[in-house]
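After this come two complexes, each holding chain A, first together with chain B and then together with chain C.
Moving on to the complex of A and B:
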């Protein structure tokens, strides 16, 4: 066993900390505070309740107990929160991280292995954090004859494109989506089209044989499977008459489209596996033939970024399947409404015997309801569900369905072998495109028979 | 805001177009071409037609640029391209471009479009689709026939006699 830091001395450690603190204080005093003042000089500060929101007032509100709930609420409904945390990057990255761990553990169970076991005592629950720390602390090695700008840019572009894909996915009713586009599905197709470019550029820029072979394979696979992917979703677009993903979900309030378009769902699921480079279509990363395919030369956190991007992409594809075929967030609303006394009088705080001794009045309390008057309307029977109830139930249904689809994406990895490239292209160009045309004709038949669509029976 | 955005997209489009012509490396040239096509998509977004912009991204950046990259990477360029360094050609090209730009500008100035209203409603893509299927259907059928013919021609040209039939 080697020691982590053989020349460790407490004095050096303390000196390092004090040095860092000294330089941080000096730089903040000399450069940071003047910079903040210059920025504040040019900012137009908002006027709230007839008062100019200066920095002092903002700090006062931050530490005022009666203002904290409205402040948190304002934060939740801001654009930054949407992009960074909830329907955007943070939520997707959390699901992606969970997917990585579940994949390793589930695959091990399928193949009668143990899987991650030692890290974190209970079933290796901390393995993911350990892997992340390892990737961050590793050296980034760039091949000597690589094309450096492209090689550096490729992982970042991959994560950026995956995040752009995630940004188009609506998660809950009431506009919980980063970019609610009128042409959302077309934007999804446009974003998917960027992945082969980034793959082939990174493969070329590594200037190595294995990545280039893997990149060419990835290009073949992605470009030829994009056509059945687009065609298989057109049936739903014909039936709903819209390209907006939120409206597609709302059109499935009574039944999901997979009932009428099972062929389209199967074709989309297969092309999804191919676009994600999962087994049985993982030829671009075939580890027994070409080392790691187009990821061979990546090391350290660059590899970590590519993995993060590919799992974000997995989440986004699973969510797209849920939105288009399984009805997205639709499902029974089961979240109970808030009790009336909490809103009108405050939260009662009991003593040790259970008798309430004081009530804490917290304004703006139904935290997830956009408008605090919604619960009053619900009490009067004018509103069926408040937006907070819809949000919580919708997110739970959506996550349950998405996790189910992710499970079915992971499952083939433990079951199927990898197929040959010519068989893959044969499946893509002959069978899947034919099946997706069959799906389109089913949709057209349903529309012209007057069953679904504008003026239909259902 | 709109003016600054327009200026930025113009600089991106024209700058990357010049870069696509002038780059020594063919791969970087095709990346610059992608920048040009993306900039054109940005113009479509600014002109309130996101439908066309998304198709521009999906078709031109997503497919045609990939095709160009693929060709560039797989072909030994010494076999095809000979370097011709002739400054006369360059100046002739610049002159031709100026003539075309001046002619187009004169046509536009002469056509009476002097002002642009920026607050008009974007055209709904459903209307475009409805027009295609009702009033302009002969043009649509004609385009489909031409595309199908060109695909069949490509298949005939690419067909080889010595391929092994279906060895699965």
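Moving on to the complex of A and C:
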């Protein structure tokens, strides 16, 4: 091809990495540390050596390792951390950012292009940040006849609903989920049900023709695909007898449900593509027919927020697929390896039981709080893995599986053209609903034959 | 249902009063719409169905025909290829043939072969561009990038021959502007063979794609009778089952010495109309290989003209098969260095006439597929 990428030069490559590191350090120093300090004022901080920590001591912690570890532990176990960082929004946004990067580069390789290349110097890794800055700096234009409150609210509601969806996703064993509900799957259905409402409201409030057609299409698509979506997951609910997502994952410790429910998995994957408005189901945003569909009138960061929301939604759907059909975080524990030597620091008592103030650091996991009893039991050979080991290994398995599913969600974009509305409705109402009923009957058959389920063979 | 509007006084000629219907929504597809070219289609939809479509070209009218009247036969060349810069050799071909008739000069044998090669290369370049847009209109972004990338092969080749990537201004009355480079035969053969290998891969990802077939088959069906009645040409006509190719029916230059096949499909739907140009590209590769083989290895490439040639008092009409269909040029000469009147008869406008008939009753989602399958180039239609 005549598309010629600049020649690789080690010097430029290293310079790119150093430049990036320099700027990251500079920004962290100038903006990150003050921001962290401001947040610390609102957190409950632990007592270390009889001294109550305050945010004023922030620079003391920086240079005092003995104070850092308990402090970070206290942060990790706060609710703020759960919502903002690990199983919640930050984790999902990080995966979403990675998804956008992988999507661009993968699609570029598929189409014999280079993809983002210059921004960030190393394979265009900062392209997303650059796009975000551009969107923030752009003017927000609102149509003159638009219903302004609804029009403003739509992108925020979209991101908020996507984040609510993310909050229901358990990521690791031991309750690493923002909202651990007993009706988790039902709550997921409820949250998914909000998306068409937001879409049609934003499309209608823009008071413009193309967004309106796009909104109607989105409504058709989401409402008609919600039914097979719910039905395809009911098979697993019948087999496990629970709606709690964490319990559904734990029920798959020996085998994932996709072995028995391949039809349900296929139906769910197809409906997932339609709910996410991805090619071949991107009718609500069909460019050559209705400009950008229901996103036509959004400009600047309003558009950016909708895109952020849709990528969060993508992560959440992929994670839901992993949780229900691929066994979530279950998988062989491979990291960190078990240590045979006894640690001499800090934990002297065999058959330890009880004192809640003392904590134990397992080797390799200094930041994760361990139950001392677990550690002792592990040393005595009565417990195979401590909860910290299960957590780290579980998160790795979960992320690997989710990334795999996301890859398969991205792939059709390079392979298929867009389908038409009548074909879409035909697929949704005739084929997928029928297949999901077949899936439910398979599940019922397995339960009544006594193979799986309460009191089953497996 | 809104009340019928009754004009109270007599309307001026040309103005109409439209009845407003609550069910009907009018969409302006274009000229600032990603799914239109430099033109507008006024589409009226009832739900998802198109009840009326009114193509409105004319946004890029440049007055090429009027401009031609004040320039002499040589200086007309660079601006007459402007309507379709991607197919610049073919759109210039009928003009050059006509001027040769008027001035009365013979073209050397080698120049005829070079012209055929350049015209076929340009046909491929145009079709690749058209195909890329057809791909993105259907939401298939890989089909946008692949033809756009593979097109570069032939553009590089044309750059080697003519010195320009897109606007070549290569054909002149009496032959071609300059000779091909020294090792042209080898380079051209290699590039064309690789190009043919690449475009055969499009079948896997695009033409055999089940979603594409389900989407474009049986949409916008143009029957054989309608295709003839509406006056369509080129790929649209051949997709409806009419075996009509000017390279065979009215061979010009050396096309009668080459083995040219036409591709005809019977169904007349969007799928057939999108497949014919692709088959034409494969056929063009065959023609180029034959022409390279039969081309005289040396000789003149141009008959010298007088500095300001005057045509005899006559009128000529010559036409060729361009990438879109028949492209004709009607020149009236009054014995002066400038043409008295020059008329470009282009296939894009003829094919556009079929659009309202095809879109009526279609679904809105089929609009881009039907519209762009007509092998229509807005700038050429406006001239």
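In this text, the second predicted complex is superposed on the first by the 358 of 458 C-alpha atoms of A that agree within 3 Å, B and C clash if a C-alpha of one lies under 4 Å from a C-alpha of the other, contacts with A are read in each partner's own complex, and residues count from 1 in each chain.
By definition in this document, a residue touches a chain if its C-beta (ideal position, glycine included) is under 8 Å from a C-beta of that chain, and two chains touch if they have at least 3 such contacts.
Predicted model, so just to flag it, every value in this text is computed and none were measured.
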* Kindly classify A:223 by the partners it touches after superposition: chain B alone (first), chain C alone (second), both, or neither? => first
* Partner chain(s) touched by A:181 [first = chain B, second = chain C, both, neither] -> first
* Asked: A:423 contacts which: chain B (first), chain C (second), both, neither?
  -> both
* **Contacts of A:201 with chain B and chain C, given as first, second, both or neither** => first
* Please determine whether it is chain B or chain C that touches the greater number of chain A residues. => C
* Mind working out whether A:19 is in touch with chain B, chain C, both or neither, as first, second, both or neither? => neither
* Do chain B and chain C land on any of the same chain A residues, and which? -> 423
* Which bits of chain C are touching chain A when the two form their complex? -> 25, 27, 33-35, 48, 135-146, 149-150, 152-153, 155-156, 205-206, 209, 211-212, 214-215, 363-368
* To do: Write out the stretch or stretches of chain A touching chain B in their complex.
  => 147, 150, 181-183, 186-187, 189-190, 192-194, 196-197, 200-201, 204, 219, 223, 226, 241, 243, 423, 426
* Structure fact -> Seen from chain B, its contact residues with chain A in the complex are 27, 31, 34, 50-51, 54-55, 57-58, 61-63, 65-66, 69-70, 73, 125-126, 168
* Asked: Which of the residues in chain A end up touching chain C in this complex?
  -> 1-3, 107, 110-113, 209-210, 213, 279-280, 282-283, 286-291, 413-423
